[in-house]
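Each of the next two complexes has chain A plus one other chain: chain B in the first, chain C in the second.
Right, the complex of A and B next:
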């Protein structure tokens, strides 16, 4: 079976004047671009630049308000995902679309039209695609048992299942180890060699340069610059970076200066905070062989031993869902430890509840900032003091003191730069970045000594990411301790003094973050422990 | 006492188990279909009653049990249309709609029955048996199992067919994905609306069939609130069976056993208060819930209306 409907090299999918508005924002404003077979076309831009909207239009998930899509010169109306599939447009979404409870094969067969499930034919097609991508995929394993790198391989196979002419990858590298990213690069090159067009969405410049043949930059929903094939090939990496940054940030570049390139992940991430003489500092938090227990289906922390010293940021690296939440909650007191001891400032707090740990200065910024972290229907001001319920001066004899609450809220709003119309605004109406600032303001104030942060910058725009990281560095510089759980390796390397790697609830390795090579070491621990078959 | 355990007694006992288990099984299979597609139907009690009543009326008018069963199925589909339109298409809350369907089903069938049939309570009599040559000559079991009405066999075949379809066909895969992760089905080019609509209608037909089986074959008459909580027991069994239709069949038999064992005890001479006997099936369901509830797994997308693009 050959790839049906593949473009001959040089064939074109052209978008012309694509405009799409949502209430309050114009996500795409008159965007035009050409996607050519046999090339990798990188789409770059900040969060909210309109990349995702553009691809959901190509994928048939959304219809443009105006503008046209033409394939090989013929205008097509991509009115549903099915039409997109029929035109050979396959999308690998940022968030997995695999059904966890289905096997690989069942996931791939979903959407077939015949009456009976044809497992034999499907297995053949999978073998064919695995061969093309240069990967090995076990067809009978449950999707939920796959590592993220393998899940993505299945997603790519799924996107190409019906014969593809265009493969769209939406931020495919954001959750992968460095080794898995390399693998992905090889697969993309093989797909490209088959004459397919590839659209790669990323916000990391060095990936765009390494994998892309041409680059289009979106900003504020507009196409603000394209670097063609010949042009990009003639650039050195530095020249390409400057050209992309100029388009990405426009006039802001001068003002943003060096930080702009950091923002865009142009350079290798490096440690921002000064190295500290860790050994001489007192231990703030110590876990001794802690195993957590809860009734849910989460991966639990197993026999975790770690120390965090005063003024230290300890990073915990790991693929999402490998016990990070359990570890964070067992420190915060939201989950009980079935064995082991949690020692804080020399005192055993294993049996203490959330409230008494709060009083001691143990704080927790959850990754579920919308539901667990804030009450969306309550005001910003109340969300800022909600953990001090019943305490003076905000509550007196059981009654809330609006004035005191308001004063404190204004102070925190000022200090942390929370952009809200007023302290009385409902927290749920703010952007994700501002909600995260509410959480940080609430947890880091009033005697915080240790803060546990889980995925603190996930899904935030670049400027807020910068700000959140600075807040954490600042907190540590003033003697606070941070336990930073993150899936973003660059973030861990930028902030942490040491990085432990978690896998299936256990710490499997520890790396001192002292310069080049940290990413590879951490990546090896993650790879070795999790994706043994996915070298 | 030992001579009470005669062949005839065992035959009657097995027939009772089956007669009690079948309506529950059909309804629970219907509920399973809906839940696998992500639609929790709390209205199944009402749907069963509508099916039972329409089946009863149609059989009285036409004189045919077969057409009566068909009428029951159609009645069930009609009752489930509310779920289809209000929930699947318009995205309203499944729990509210489900409870409304139950209340409406109970109310409408009671009123109509009292209006039309109280003066001359009607009974349907016996449905002719389908004797399977050879098999029905087996002593004891032969008479109980192989002298059932043809409707029994059709229902069993229907259930087995659905179990097969759910596991082995593209339709089954789509249906299950609509309950697991509808966005995946959508992205794969399938239609969540069409898949769920079909599942809801089939679910209604099966619940209606269950109701009709109850009124036509098990009790041979209709009375207000005939189902007496059977629909809710079907929901319990569905949740405990985790979408496996064969397990639904077995659990239904256990229920049938619980219902049949009480009268049997009385026949063999145990004096058990009638109240205890009536309680027995419910006690068994509660015990099953206590023992197995922790392992009950519902599809992740159960109860959530699907809107494309919403996370």
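Right, the complex of A and C next:
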């Protein structure tokens, strides 16, 4: 088997002095690195460290302000995604780019330029790639019927379709089950053996040393550390971890302390919430056979039955878009239930709206914090009281009372450590972490009894992730109940007392989080339900 | 670069609002030159017939329907509902006054009849807007299309009414019965400006207060900023769409009835002043603030009052006024674009232009080392 344009081992893609600035932020600041064929190069860094910008430059989607990319010593101008493909650079993005209504083969042939579709040759090429990746892909299955792991394999095949010398994987494991991650690791090893270069972007340390040959760490847009092949091979796992952590956090390492390695996903996650004796606690929220209905095209919740007790954190695991939003909204009152009952503190609230549930203490931290949870053009202060519109003391006979609003805002800003120039600053100008704190401050105070949180730490920097999780643990410890919907297994295991698994809107399994093996059990429910062996 | 205090922000808003008007006047002058008219004559004419003598009173009278239409548009636009059915809504209100008015004035005191005319006009406008509002709320239909189509239908219905049931049997032309001067809206003492002008100013101030200081105004703004956020905050979006559309359309119809009872006293078939077309860019310039709309509407009222005669004298068609309005809209978009880029600290030059500049022309920092 030959791969067009494959690098001979040792051939190098060199980035030199790549700088890219966006208004108000320098995404890449003089980044240089070498990507070598036959090696897996891990790119590590927090959100906003500049990883995505760097790969968009390699993929031709962005042009650097300065700096060069050279392939095998020859400087190339990757001016468009097409040029990148011609140079054999393929990218697998974090989120699926497959057309759900097309078959696998049709998806792979989307980029073909010929007038006639040559299905026979395409099928051969797919077989060739499947063989290389060590997977089995049915070319005639609809993309929408594939499990997430399989979708990703098709994406990899698509990235390598035109013959690849460099395969870039952007956080490929973030939505996979532990089992699927293992498969992915095997495929990457086979690609590497063919002499291709692989760039693996991740924010989990343990994946970096499990799969990577060398590591580059980005922080604040700069290359702050590279661990070469020989160096990484000579390190023990602990040494490697310390070296990476030092580069990742720099001077902040001391401040981050013990939790730094946890944050960076260096070790297996373990339960951090205080354990409770669930059976003795009164039931706070109960859903009985709830099916939701909305006019949108979301996956709806189907026949969901669950209970959350006082002081309990119930995690809902599942792949993104499997009815989590519907479940959250049906509890918050934003979406109506077509059948079943929502019971809160023993009272049936199925028919009550957002406002009355809010009054009862049912709160909702949405995953769309920018456009749903806050109004970016309004002040931080207004956003903090926005769910109490028209209520005293902030409004009197319809008139807003700026002083009362300001006092309450300052109190919450202090209590939750929201970093804002003033209460009057527009919320949209704050960082994602501070916007999330606005949401938490608003939802968790003033008589909150149950909070539904959907992907509470998605896209946040590690320190804020830590803080958000602590706030939730604290809330539960004080007797609040939490319904935690997340796609991050580590997060679920760290926080939840029990974990239910959702798939296509239905709860397909429940795991008590009482020690090792929870991740595997949850993973089994997820794979069993989604990549069903019966199909 | 980023204005933080309220004073610089106000100054910037003023610049961004006034510059497009100045540019539009400048360019319209050039166009006049190009088609052989004398721009200075025209602008002198506008001043003469729009302001001097007692002409300023005519301008202020014209402000009354314009300003109320502006408030009606602002109410809908603040909620990001694009009610473009203003022409039809205005004519509906007008025909209520010109058709129903004479019948009512014949049987009851003028004061009472006027109140009833206003209420019926507002209701007519509000009910007419129910169709686009319900379609929008229930099915997410684009309200720009539906309100526009409903406007065409309204224009037709109004003409049918004037040619049919409301036609003055005393004349051969299709028009309504002339309402006698004694039944029309009274003048502000000492002037020939009808009290509709006072009503319009009061409405603007009330609307400003309601939109900026009350919980209702905040709800409208949330809804306008993001319907998703509105749903999250527990606002009833169906109700919001219907209410805003009804308010907007009702106000615009109210403007029509005021214009008939204050100014025109009867209505001819196929008459359509299209105030909304002229006012729409102005409410954008006023950033959807009712009180800020007052000076812009005043400016346009003078331009329109004086411009009708001035354009004839300068050898131009009256429609040239709409050219000026169109130019304002155009330069407003350009100013807004440049202002946004400046605020973000970006270059004025679009990226495509920057890239194609020869290397020696670029700033040092932009140069790519080879």
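Following the convention adopted for this analysis, the second predicted complex is superposed on the first by the 525 of 535 C-alpha atoms of A that agree within 3 Å, B and C clash if a C-alpha of one lies under 4 Å from a C-alpha of the other, contacts with A are read in each partner's own complex, and residues count from 1 in each chain.
Convention: contacts are C-beta pairs under 8 Å (C-beta built on N, C-alpha and C of every residue); 3 or more make two chains touch, one makes a residue touch a chain.
Here the structure is a predicted model, which is why all the values come from computation and not from measurement.
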- prompt: Here chain A is shared; do chain B and chain C fit on it together or clash?
  reply: fit
Query: If you stack the two complexes on chain A, which partner ends up touching A:390: first (chain B), second (chain C), both, or neither?
result: second
Task: Give one of first, second, both or neither to describe whether A:150 is in contact with chain B, with chain C, with both, or with none.
output: neither
Task: Kindly classify A:91 by the partners it touches after superposition: chain B alone (first), chain C alone (second), both, or neither?
output: first
- prompt: Of the two partner chains, chain B (first) and chain C (second), which one does A:177 touch, if any: first, second, both, or neither?
  reply: neither
Task: Based on the superposed arrangement, let me know which partner A:109 touches: chain B (first), chain C (second), both, or neither?
output: first
Query: So, A:39: does it touch chain B (first), chain C (second), both, or neither?
result: neither
Which of chain B and chain C A:216 touches, first, second, both or neither: neither
- prompt: Could you state the shortest Cα distance, in Å, between chain B and chain C after the structures are superposed?
  reply: 8
Message: Need the overlap of the two footprints on chain A, from chain B and from chain C, as residue ranges.
response: none
- prompt: Hey, which residues of chain B end up touching chain A in the complex?
  reply: 168-174, 176-177, 180-181, 183-191, 300, 308-309, 311
Message: Applying the document's contact rule, which stretches of chain A touch chain B when the two form their complex?
response: 56, 59, 61-62, 80-82, 84-86, 91, 93, 95, 97-102, 106-107, 109-117, 158
Task: Would you pull the chain A residues touching chain C in the complex into a rising list?
output: 17, 23-24, 64-68, 75, 333-334, 353-355, 358, 364, 366, 368, 371-378, 382, 386-387, 389-390, 395, 398-400
Chain A contact footprint on chain C (complex, rising order): 213-216, 218-219, 221-222, 225-226, 228-229, 231-234, 344-346, 365-370
